[in-house]
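Per-chain residue numbering starts at 1, and chain names A, B and C are given in the order in which the chains are listed.
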Amino acid sequence: MKISLFIPCFIDACYPQVGISMVKVLERLGHQVEYPEDFTCCGQPAFNSGYWDEARAVAEKVLAMYRSAEIIVGVSGSCGAMMMTFYKELFHGTPLEAEAKAHAAKVWEFSDFLVTKLGVTDVGAKFPAKVTFHDGCHGLREVGLKKQPRALLAKVQGLELIEMDAAESCCGFGGTFSVKFPMISTAMGEVKCDSALKTKADYIVSCDSSCLMHIQGLADRQKKPLRTMHLAEVLAKQ
Amino acid sequence: MSEREQILGRIREALRVAAPKPGLLSGPGQRVPPHEKRPTDFRPWLPVVGDSFEERAALFAKNSAELKTDFQLVANRDELQTKLLALAHAEGWKKIATHAGELTNYAFAALGLPVVQTGGRYKLDELESSDAGITECDALVAQTGSVVVTTRSAGGRALSVLPPHHVVLARRDQLLRDLPAAFTALKQRYGSSYPSMMCLITGPSRTGDIERILVLGAHGPKKLTIFCM
Amino acid sequence: MSTVAQVFKETARRMTHDLRHRSWIQNALGKYYVGRDEKKARFQNWQEARQAAAEIKWDAVNHLDKYLEQFVSKIEARGTKVFWASTGQQACDYIVGVAKKHRVRSIVKSKAMTGEEIHLAQALEKSGVEVVETDLGEYIVQLREEAPYHIVFPAMHLTRHEISDLFNKKLGSAPTDSPEELTMIARRTLRKKYCAADMGISGANFAIAETGMISLTTNEGNGRLSTSLPRIHVALIGIEKVLPTLDDLALFLPMLATAGAAQAVSCYNTFIAGPRQEREPDGPDEFHVVLLDNGRTRLLADAEQRDTLHCIRCGGCLNVCPIYKNIGGHSYATTYMGPIGSVLTPHMRGLTEWKHLSFASSLCGACTEACPVKIDLHHHLLQNRRNAIRCKSPWWEKLIFQGFVTLMNHPLLYRLGVKLGWFGQKFHGLVKGTKLDPVYAWTQSRELPPLARNSFKDYWRRKQS
């Protein structure tokens, strides 16, 4: 199976270890991966802000870049949702509509790919820690991630998962929403941090670094003892 | 052009462009294959109800308990009379309101209290000051613990909602399985000449408008008692 | 930015800092979630039920002309007077006219969001008629002279003490901290109003085409009293409320109650087919149905968002919305608040002025998931954003996104940008958190993650070589 990776722009720039972890896990499972180095961004920031023409300009390049790919695996529920769900809307009624659909069918989010496509839950990871899991909204509601990450966490040696209240409620990031309405975004983040703190877990784990960026940024500012970690990083631990 | 024609005209103009079918954008956890024709049988999705009378009665009793409806199965008229008298005594009824009907006639005769009849025109304050409104009904619905009343079966519009205690007298063959059955029964009974008001009553009047705390008897009856014979 | 947008931001800022409000609303809705999930679980298949409800609404809305005409001809045949209103003003004028003609002095009103939408109570009061809201929550906010906080729970934001003080001041009742006693004070007061009222006003949850009936849902019984005792009943109904058949209610009544109030079905579901008929002892002598367009046909013409007319006003999307829960119902300053309000209001009151509501969302999709009739709410928020930007975009923002395209579509430029950013972030500390900070909107309340020394692309290159 030829696996093409997509590494979202902010993971490339701020959280490379998340992408590296995914590569490690996939290689550990004996898969070959390739990475189109020209990939930068899926176009979601423009799309969510109403700039659909601009989003299309970026997304068209993405479609072209992965045209020959068989399977595309990415390390973000949100950017995955952009390609799986929202590209179809973005290209609706354009000549690229069919290609957007074909592209969507090839895209997998990392944890879903492991569990659903490969049928793997035990990746040989070991991480003695208490964690709680945050369901990123896009992963949860657009991609359908709920059981998959939990199935993977259950097989990590030494790891204890403590569910928080309202694991499914939004962390308040929401892309440009977080800077257009920082007060609302921050309040939502505080609610999230509070429910995570109540579990007394060592780490908040999620399939989306964007949510974690928001949660960590807020916790650091408010000096809350919260640490965040992407699921891929947990799975890479040995 | 009349306003009616203008509005209908705008609607027809708008509908010239077809809208996408529903559910196409649903996320994976919510996706359901669309139906070819719009569904008319909802039973496969609504809450389950057993087929036998016993199962229906048990479910009705369970729903009643949850709703704080007092539901009592009575074997015959004697038992009905005993229980009604006990209730009247316990609550200290001085005046009741009712309408003419086979069961209600029997009940008010048995109670021997002053009575306001809502069969014809009646005085509103007389009804308002009654301690209980005793009515018959069209049906009971096991699935939801509801009583179906209409202006014809229950002595008009106000009798079943104005007095502080609503007492329903029903026969066991009126205990229907579910909501679809209730609407079918209403259609069969009234066909093209419906009463001006029909109502599905589910428990005594309630509100949660203050701090989401349940209080019974917001505007309608504080108590609902159902005798099923 | 429009003035309403500025007011929205200011109110939202105030509300999000109000921690008492935050925990109050979280607690109030906590019970709702438990009850709703329990009632949902009783359905054999909630998702199938949603799809079916959506398909039925789709049928109704996409054949609206046919079903409306059927509804009207059936209900007129039973002696109901039907008035078609293109605008809120026309509807108000008509109802004021009916009140004048019959020398109406007092009106009892059952909860109707359409009434809020067209400011009906204000129009009637201006003509000298007393209008009393009878839904307990609505009555409370009416006494406070404020707008409902929620579509279904209008006084959810108030404590029993605030309500006790209000009743004490306005009704002269003795202070109490018992919700039960407070409810009984309202009951006694409103009883007199029902008995004295000349006219009752209601909305409708559904209008049944097949049989020519309106369906009215309440828990308190105020809907029944308002439509039983006064000699005139006026129902103000949005044209989108039609359902094809009476049987459809077997699906819609439990779904409305489950999503809206965490109940299996509401206490009183009343179907009204006309004024008092011959041989009936009571009920109004006249029954008027006012069919309200007020922008609905404009929404109908937008095929992409036509499903917003499926809305049954259950309030389910408000209850799950993290934005609503943090800023509260009054911040929106709209008739319909929460996600459905953020989708609808730009259509009804103008996109330019109200687009901020469509941007004030994290697009989490909880609303779409909660909607019993499957309105694609968060997709519509995205479409509103697109439409707003097509209409008019701030030049600086346009520039930013053009820059974004250039950067993302030129990988070399992108890599250079990341490197420059890494270098530049060393100096960020000088301005961080001040108004000179280019990312102040973020750093005012959060730390920014540092750009990595080596990006993933760097890692990949080394790995390949």
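Quick note on the criterion: a residue touches a chain if its C-beta (ideal position, glycine included) is under 8 Å from a C-beta of that chain, and two chains touch if they have at least 3 such contacts.
Quick caveat: nothing in here was measured; it's all calculated off a predicted structure.
Q: Where are there more C-beta contacts: B-C or A-C?
A: B-C
Q: Of the chains shown, whose Cα mean is nearest the mean of all protein Cα atoms?
A: Chain nearest the overall C-alpha centroid, as shown: C.
Q: When the centre of a chain is set as the mean of its C-alpha atoms, what distance in Å lies between chain A and chain B?
A: 50
Q: So, what's the distance in Å between the C-alpha centres of chain C and chain B?
A: 28
Q: With centres defined as the mean C-alpha position, give me the chain A-chain C separation in Å.
A: Spacing between the chain centres: roughly 32 Å.
Q: Can you tell me which residues of chain C touch two or more of the remaining chains?
A: Within chain C, residues 365, 368-369, 379 contact more than one other chain.
Q: Where in chain B do residues touch at least two different other chains?
A: 25, 27, 29
Q: Among the residues of chain A, which ones contact at least 2 other chains?
A: Those would be 89, 141-142.
Q: Chain C touches which residues of chain A in the complex?
A: Its residues touching chain C are 7, 9, 11-17, 19-20, 23, 35, 37-38, 40-41, 43, 45-52, 54, 57-58, 61, 86, 89, 137-138, 141-142, 168-170, 172-175, 177-189, 191, 213-214, 216-218, 220-221.
Q: Any idea which chain C residues touch chain A in the complex?
A: 9, 12-13, 16-17, 22, 26, 322-323, 326-327, 359-366, 368-369, 379, 382, 385-390, 393, 397-398, 401-402, 404-405, 407-409, 411, 414, 418, 421, 439, 441-442, 444-452, 454-461, 463
Q: Tell me, which parts of chain C touch chain B in their complex?
A: 28, 31-32, 42-52, 54-59, 61-65, 68-69, 78, 84-86, 90, 134-137, 140, 153-156, 158-160, 163, 179-180, 182-184, 186-187, 190-191, 194-195, 211, 213, 219-222, 224-225, 227-229, 239, 245-247, 249-251, 253-254, 261, 264-277, 280-283, 287, 291, 293, 297, 300-301, 303-304, 306-307, 310, 365, 368-369, 373-374, 376, 379
Q: Of all residues in chain A, which touch chain B in the complex?
A: It comes out as residues 85, 89, 141-144, 146.
Q: Okay, in this complex, where on chain B does chain A touch?
A: It is residues 25, 27-29 of chain B that touch chain A.
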